[in-house]
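What follows is a pair of complexes built around chain A, which joins chain B in one and chain C in the other.
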Partner chain A sequence: MRTIPCIAVDDAGESAFYRIAHKNVVYIGCPLNVVRVLSECNPDELAIINLQDCIPPAIFCFPRHSLRPMSFVGGVKSTDDCRSLFRSGYDRVGLTIKCEADIYQLKQMCAFFGGSSMDAHIKLSQETNNFLIQLSSFDSLSEVVLHDVERSGRGQGIRASLVDNLKRQFGAKLNIAISGGYKGEETNTTVYYASRAVFADFPQNICGDRVLRNSILISHRP
Partner chain B sequence: MTECKICLNIVVDQLPICGVCKVVEARMMGVHRLTKDISKPIESMFKATEVGKKAHHKFDAIVGISGGVDSCFIATLCGEAGLNIKLIHFDNGWNSSLANQNIDNIVRKYHFPLESYVMPWPIFRSLQRSFLLASVPDVELITDHAIFSYMAKIATQELAPVLFSGANFATEHGLDERYLWNKLDSLNIKDINRRHENICLDKYPMISPLKWFKHRFLSSNCRIATPLNDFWYQRREAARIMSALHGFKDYEFKHEESYFTKFYQRVILPQKFGYVKAKDHLNALIRNREMSKSHAQSKLGAFGDLGGVANYETKFVCDKLGMDEEDLASILKSKPVRHSQYRNLGIVMRPSLKLLSALNMRSMA
Partner chain C sequence: MRAIILDLGWGNIQALESFLSRIYCQIRIVDQKLAIEISESELRWTDVFIPGVGSANLFPKEGDVHQLSDFCRKCHRVIGICVGFHFMCRSSEESKGAKLLELLPLDVKKLKNQKLNLGYFDFGTQGISKSNKWRMYFCHSYGVQAPSKLDGCEFRSVEASDNEHYIAYIVADKFIGLQFHPEKSGQLGVEFIDSIVRGRVLPTVKSVN
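Right, the complex of A and B next:
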């Protein structure tokens, strides 16, 4: 299983957060320091999850201090947003898919920047299958990331069996990964992992990873 | 001008040794009379945990840990002694990955619970900017004051009879007091903030000197103890022991467990104030008989040889503090200002500190 540490950013990019069990928000301090600390632990890549509706200027300096490739998702609305993110050094940009119009916009961005630089982020719902069918018609798309947690922290959780089914169905055309809502079951897919997970909640094989051990350490607070 | 016979300091008059060596000579002799055997501090730690132990205490002791050699060594000694301790850590937003790894290794080896207080970053950043704009030398005052305050807060929770701190005389003495300010001077912090960025400090942990002295010297509920002063503590030997026990990795120079402190010691202090703090740290190791003068000289040369580090760290610090490199350059060029030019508690603090120094009761000075 491939794990990618991700950092949830809020407050105009000045604060990083983690949700314990997807409910309680824990403040974890300066996101730029978290980027540097995690990148020095040599993960495959680092993901920034922007919790705001727009792109805060503070996040543009993050890639400058990361030794690893970085991806960004959240608040991306236009081709200009995408361009400024790529220019600042992000390697991949994700677009949140909520409706058909988003898929159309993603297609435009893929045509402009190349599909291998773009991710699609989908919240698990009844429409997920429909979205995946449409996305599988894309020439190339870096990754489709499934979430089951909203900004409010609600969600039922992602079952590995469901993801494995989707992978069987779309695996030939889409690279499916999972993020918010992952419950720690064994799976052979990529997992975007909140950078300050409480390790008691998750299986040992993930916690044993040096990257996560570092991120876990700094998660403890009163 | 000649070099001091003992350390790397320069002697202006014809005396064989420098002023610092002369002042600390007696106390260092006292340190060298102590045993190097680590069973001695373990024994004194056991005794400290037994005094005042009450039924409601969940732990034998609390240990403040920064990731540096001294605090990690205290935690390691507790782990080897089998004490039931809780680690507390203050995160000011500048922890290095190596510091995290070192703390993590201890937590995993001895299964200690760890509680970390994460300082609200926008407040801390603003305070750091205010101190840099104020051109005062002791920018680390804001971190150290918050650590003292956090330690006292933990002490009031009465989780354990004693709180162990890694502060010690043997490896931390002899710093140039012109570039330091009293860590308990909350008034100085408030005034520097008021005259620059003037942010609300409600969420910044503060403590009065009286409250600190009470915990340090008088409190029977949870005392603050410095066990590294109970034996002949040697920093390099401690790092070697920890490396063998749990893979501790030492830092190039003292206090470099924080990205900011590294920048502060290597760039701000030498360039703006002409003060090479590493020299005083190395002098302390020479006086503690754990490093030869020639070795210290070569280490000091390496300290000055920054290569690309200064450039990279400057960019990182600028991005973290939300400054342009030109802003930082002009701060570095501006004239240094003394802490005493801002409101301060010097009148209250100075006599009491002199008294403590005379009684050899200050853990570091």
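Right, the complex of A and C next:
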């Protein structure tokens, strides 16, 4: 299982937090600091989840502080948004797929920026299979990330067995990953993880460096 | 040593600038019009970087490519990253019919496997390994197939899916192509570019077995 730390940002990109039980959010400080500290722990990647409808200007300076690949999702509406994000240093940009029109827009962006730079984020629903069939026909696509939890914390959560089934079906053509709603089961896929498990233990597990761990925890808002 | 980042309308320019500031004392971001106005004497001591992240659909028009090709041949060194490396080649399947810089006698092909080549790979070794010192970040669906031999060039290949071998980096005189992203490969990426700049021997394949 490949775990990627996921930094959720809100408040105009000025605060980062993780979630407990998909509902409560815990403030962990300035996102710039979090990006810098996590980047020094050499994770495979860093993911930024923007919880606002528009892209806050503050997030454009995050990649300057990371020597690791960074991906971004949330609030991306146009080709210009994508261009600005790539220019600032994000390696991959995700588009949330809610309807057929989103797939058409993603296809246009893939044609423009290359499929290797684009991710599709899908909330699990009855339409998921239909979306995955359509995405399989893309020339190339970086990753399809599955969610089953909303901003409010509602959702059934994702069972590893369901994802493994989808991987068997579509794995030959698509890289399938899990994000919101993951319940912690062992699975043979990539997991974008915004929780205490990553932020509290990740630096210590990888580097065995208590200072790094503390430098994140020290900025907790009580 | 000075560096120029070519702004051709694609690429992670700001992240690359931040990365190169660890190695070079002076970095400039210039677009095509500004680039061709730089004097030859200045170019003789300047390394030019063509950034990655993007697609061949964003390559410039044919007339502009001729000017850029002349510009690159006057530079001290030209380093292309990912799609920047593809732009330095002879032809690309991704941009059929488009004129490229032709600085390297190579052709870019689509990976046989439909899935993207994404993640950290070791040079010339099989699959992903954590024990190898030289692990670099790759993210591409097109690449340059590694020939058995290429006169006047030093190159290392990486194995993608289905036993396909693609060039990880190639050094042909002053033209250097990198399929991976050194700016996203942590401290190893810094060491790699630092080796190039200081003229040291480039990293060789280290066995993972």
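As a convention for this text, the second predicted complex is superposed on the first by the 194 of 222 C-alpha atoms of A that agree within 3 Å, B and C clash if a C-alpha of one lies under 4 Å from a C-alpha of the other, contacts with A are read in each partner's own complex, and residues count from 1 in each chain.
Convention: a contact is a pair of C-beta atoms (placed from the backbone, for glycine too) under 8 Å apart; a residue touches a chain by one contact, two chains touch by 3 or more.
In this text the structure is predicted, and so the values were computed from the model without any measurement.
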| item | value |
| --- | --- |
| Partner chain(s) touched by A:64 [first = chain B, second = chain C, both, neither] | both |
| Dominant toucher of chain A (residue count), chain B or chain C | C |
| Contacts of A:33 with chain B and chain C, given as first, second, both or neither | first |
| Which superposed partner A:104 touches (first chain B, second chain C, both, neither) | neither |
| Set intersection of chain A contacts, chain C complex versus chain B complex | 64-65 |
| In the complex, chain C residues that touch chain A | 10-16, 18-19, 53-58, 83, 94, 114-116, 118-120, 137, 139-141, 181, 183-187, 189-190 |
| Complex interface listing, chain A residues touching chain B | 11, 14-15, 27-30, 32-33, 36-38, 40-41, 58, 61, 64-65, 213-214, 216-222 |
| Complex interface listing, chain A residues touching chain C | 39, 42, 44, 60, 63-69, 86-92, 111-117, 139-143, 172-175 |
| Contacting residues of chain B [partner chain A, same complex] | 91, 93-97, 100-101, 103-104, 107-108, 114-122, 125, 259, 315-316, 319-320, 322 |
